[in-house]
Amino acid sequence: MKRAVYPGSFDPITNGHIDIIKRASKLFDELIVAVLVNPAKTPLFTVEERMELIKKSLNNIPNVKVDNFDGLLAHYVSKVKADVIVRGLRAVSDFETEFQMALMNKRLNPDVEIVFLMTSYEYSYLSSGVVKEVVRLGGNVSGLVPECVETKLLEKVGRR
Amino acid sequence: MKRAVYPGSFDPITNGHIDIIKRASKLFDELIVAVLVNPAKTPLFTVEERMELIKKSLNNIPNVKVDNFDGLLAHYVSKVKADVIVRGLRAVSDFETEFQMALMNKRLNPDVEIVFLMTSYEYSYLSSGVVKEVVRLGGNVSGLVPECVETKLLEKVGRR
Amino acid sequence: MKRAVYPGSFDPITNGHIDIIKRASKLFDELIVAVLVNPAKTPLFTVEERMELIKKSLNNIPNVKVDNFDGLLAHYVSKVKADVIVRGLRAVSDFETEFQMALMNKRLNPDVEIVFLMTSYEYSYLSSGVVKEVVRLGGNVSGLVPECVETKLLEKVGRR
Amino acid sequence: MKRAVYPGSFDPITNGHIDIIKRASKLFDELIVAVLVNPAKTPLFTVEERMELIKKSLNNIPNVKVDNFDGLLAHYVSKVKADVIVRGLRAVSDFETEFQMALMNKRLNPDVEIVFLMTSYEYSYLSSGVVKEVVRLGGNVSGLVPECVETKLLEKVGRR
Amino acid sequence: MKRAVYPGSFDPITNGHIDIIKRASKLFDELIVAVLVNPAKTPLFTVEERMELIKKSLNNIPNVKVDNFDGLLAHYVSKVKADVIVRGLRAVSDFETEFQMALMNKRLNPDVEIVFLMTSYEYSYLSSGVVKEVVRLGGNVSGLVPECVETKLLEKVGRR
Amino acid sequence: MKRAVYPGSFDPITNGHIDIIKRASKLFDELIVAVLVNPAKTPLFTVEERMELIKKSLNNIPNVKVDNFDGLLAHYVSKVKADVIVRGLRAVSDFETEFQMALMNKRLNPDVEIVFLMTSYEYSYLSSGVVKEVVRLGGNVSGLVPECVETKLLEKVGRR
């Protein structure tokens, strides 16, 4: 039995995240989508909202759970007895940050394996940050995020 | 049951490859190390020698098999009914080549997933090509390749 | 008739920007230098000051206009009926950001084309941010920005 | 009147090239697709075949001409009195090669401008080399090259 | 006599910095480790603490001095009559930032030479920022920083 | 006393190499420009010609010697009792190759230090290969190589 963790801020979840989740859920017996609670940042959505949007967007993939964590990813992974961390790679700039993150996590928890999936090319330019920016500036993000996320985004920025 | 393929030239296998094989063998139920037969290149070792060196180096990891293939990786993966292709990433330059390879393989075989592992940092500068070059120029590669590979390399370049 | 937009913060304009403007003005019938008004940032110069400095620096190139915009670039480009967005590329790190920006703008406005010019090598290390930093720390920026910009920069940081 | 040159080996033309040609033909009054004759390389297709395939693939875009050249691109551009060189950028590795090419061409011909278009993301992994490799190994390239190119490719590698 | 400056924030010093200092101290007759006082940032440690931790960590390497500076590095280097600036390179992203910094410093002070050392691979993922983040989140950083730094870090974040 | 080696093919020496040599000669007491004899490659110039052109181009810098070597750089550096290897960095693609080279040399000879200088930006696009290509295609390389090299290049390609 292989249990994997897909960690992230998911503020909010995008179609790029969903693509990685669906693909990773086929590779491992269980996948935990783990929302990072980072007290140093002020997200647009609360942890509860972010978890709710992930659940709605995924439509009950049987072996996918949604959870949240604070503190070190390496500790969280030990706590939930996961074997694998899943990460998406979009571009060269991702690569270096992820490489450093991977090496540090290996040091903090040598038993965990970190596995990278390449983001599908149609989502290679997509990030939660870009989506929020486009919505704030009045642009249309349908096709980039699930419908429930789009609705909530428009509410948050006061456009609906 | 998840079956993975780790393709490569392995001309010859290095400690960097072995690190990836050991880690990948823990992630999937079965791992096939698949030696690419490329008629357009003239390798130092024959396919048989390369397969033999891989087997000797791995010391019977129960769920790892050694095989060879020619033609398209996407076709081979279908033939052996594998779910996953495993690749090691060492550096930014790897990243782009691998990204293109991954996108093309996805197109040729949409059912297969490609999974990347980061090479351990102590092997980040290691490649079969560098090892052969160092041996040819009279340098010492112990610690970079298994002992059986070092012995064969010295025979091939006529230094033993 | 081809109308192009060269968008940016221009806080303040540098000799690198001027190089791109001069070259782009020869490629297209009309070029609009469009100053981005970003309420989320606190620029050193007001929009009016930035536009004024651009106009002074350009010395009346006949087919270049200076304008400002807020909101999405893709919307602004539609509004002014431009065919092309012009961007300068300095380095690999620019490349990825620009690639993502280009893909998103294509999605928001499929009719617009984005054209990149390579920054001349003598300006490859130049940015508005670096210029402001050097002035703040007491360094000399003549040769990096037009004289009128240098004067205004020294006023702003209280050194003249 | 702006005349542009889009140089390349086009051995053979791919859908990625065609995307760049169509987009560039809207930006400039005249576009010359210029096939490089490089005596140091042995292409799969002769210059005549390559030009023929380009013409067939383009279906008579009125302002696009097909030509060939040997020697320095900077000299060819002068000879045909072009104002602009057009290049496609796919990835970071392209970027550096292109940057060096651009700087050298500027030195050899300071009057010419070099303009870069980002390859559409669905063609970001596509190159003539990859297409030839896939065909040689028995893979399917429909959707990656025009039909007339696919037919010729299969003839050349003896599969039809 | 060659005098070199190794500038940085050192907030706090890591084993990666110490590796560069030891190696640079063998290359030049005198090495000044120069702590940057940047009024625009709020460091975790005061300048005095940072200098103290550097001194304790280095154990009296005879030709290494510890100093601090504000303002432009190019001016500081002139003031202390140094011939060389030493910088460590960890990764591609470092490379571009450092390249721009180097070109600007050359412009501000053409007499100074900037010399780069590659960070040893075991420290390639290490930075003061990562170390502080790990400590804040409750992780173990022994082996990444000197013991005296680890103790101080735990005090600062209220864990001891 | 610090002795440095600047290794390379120098086929032929360019103004970019000369810039690095002049700067490195000021940093170290003695600098050996070491021409690599690589039997696997067929250079345009013989070792003797390459050494001759280097000597002519340098105009007797007192502390610079010209030598040649075959085999491993790490062994040559031991033989001549050098403390430092000097390398020039032009771009990101150089960076990764050089990083791997540096790590391997450190492994083969832990006592040697490798020091990198950034190529001056006006030579960032310059390489021996590009220079030879331009001359072959009939282009002008004055300003990119010393006059004696230009003359020899034109002789070699039969243009004078």
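Order of writing sets the chain letters: A, B, C, D, E and F. Residues in each chain are counted from 1.
We adopt the following convention: a residue touches a chain if its C-beta (ideal position, glycine included) is under 8 Å from a C-beta of that chain, and two chains touch if they have at least 3 such contacts.
Just so you know, these numbers come straight off a predicted model, no measurement behind them.
J.: Shared touching chains for subunit A and subunit F?
T.: Both-contact set = B, C, D, E.
J.: Please give the intersection of the contact partners of subunit C with those of subunit F.
T.: Both-contact set = D, E.
J.: If you tally contacting C-beta pairs, which comes out ahead, E-F or B-F? Let me know.
T.: Between E-F and B-F, contacts are more numerous in E-F.
J.: In whole angstrom, how far does the Cα centroid of subunit C sit from the Cα centroid of subunit D?
T.: 31
J.: Express in whole angstrom the distance between the two chain centres, defined as the mean CA positions of subunit D and subunit E.
T.: 48
J.: Suppose each chain is reduced to the average of its Cα coordinates; what separation in Å results between subunit B and subunit D?
T.: So the centroids are 34 Å from each other.
J.: Mind pulling the residue numbers of subunit C that touch at least two other chains?
T.: 92-93, 96, 99, 103, 121, 124-125
J.: State which pairs of chains touch, listing all of them.
T.: Listed by label, chains in contact pair as A-B, A-C, A-D, A-E, B-D, B-E, B-F, C-D, C-E, C-F, D-F, E-F.
J.: In their shared complex, at which residues does subunit B touch subunit D?
T.: Interface residues on the subunit B side: 71-72, 74-75, 92-93, 96, 99-100, 103-104, 107-108.
J.: Please name which positions on subunit D make contact with subunit A in the complex.
T.: Touch list, subunit D to subunit A: 92, 121-122, 124-125.
J.: Which of the residues in subunit F come into contact with subunit D in the complex?
T.: 91-93, 124-125, 130, 134, 137-140, 144
J.: Inside the complex, what are the residues of subunit E that reach subunit F?
T.: Touch list, subunit E to subunit F: 2, 23, 26-27, 83-84, 89, 92, 95-96, 98-99, 102-103, 106, 113-118, 120-121.
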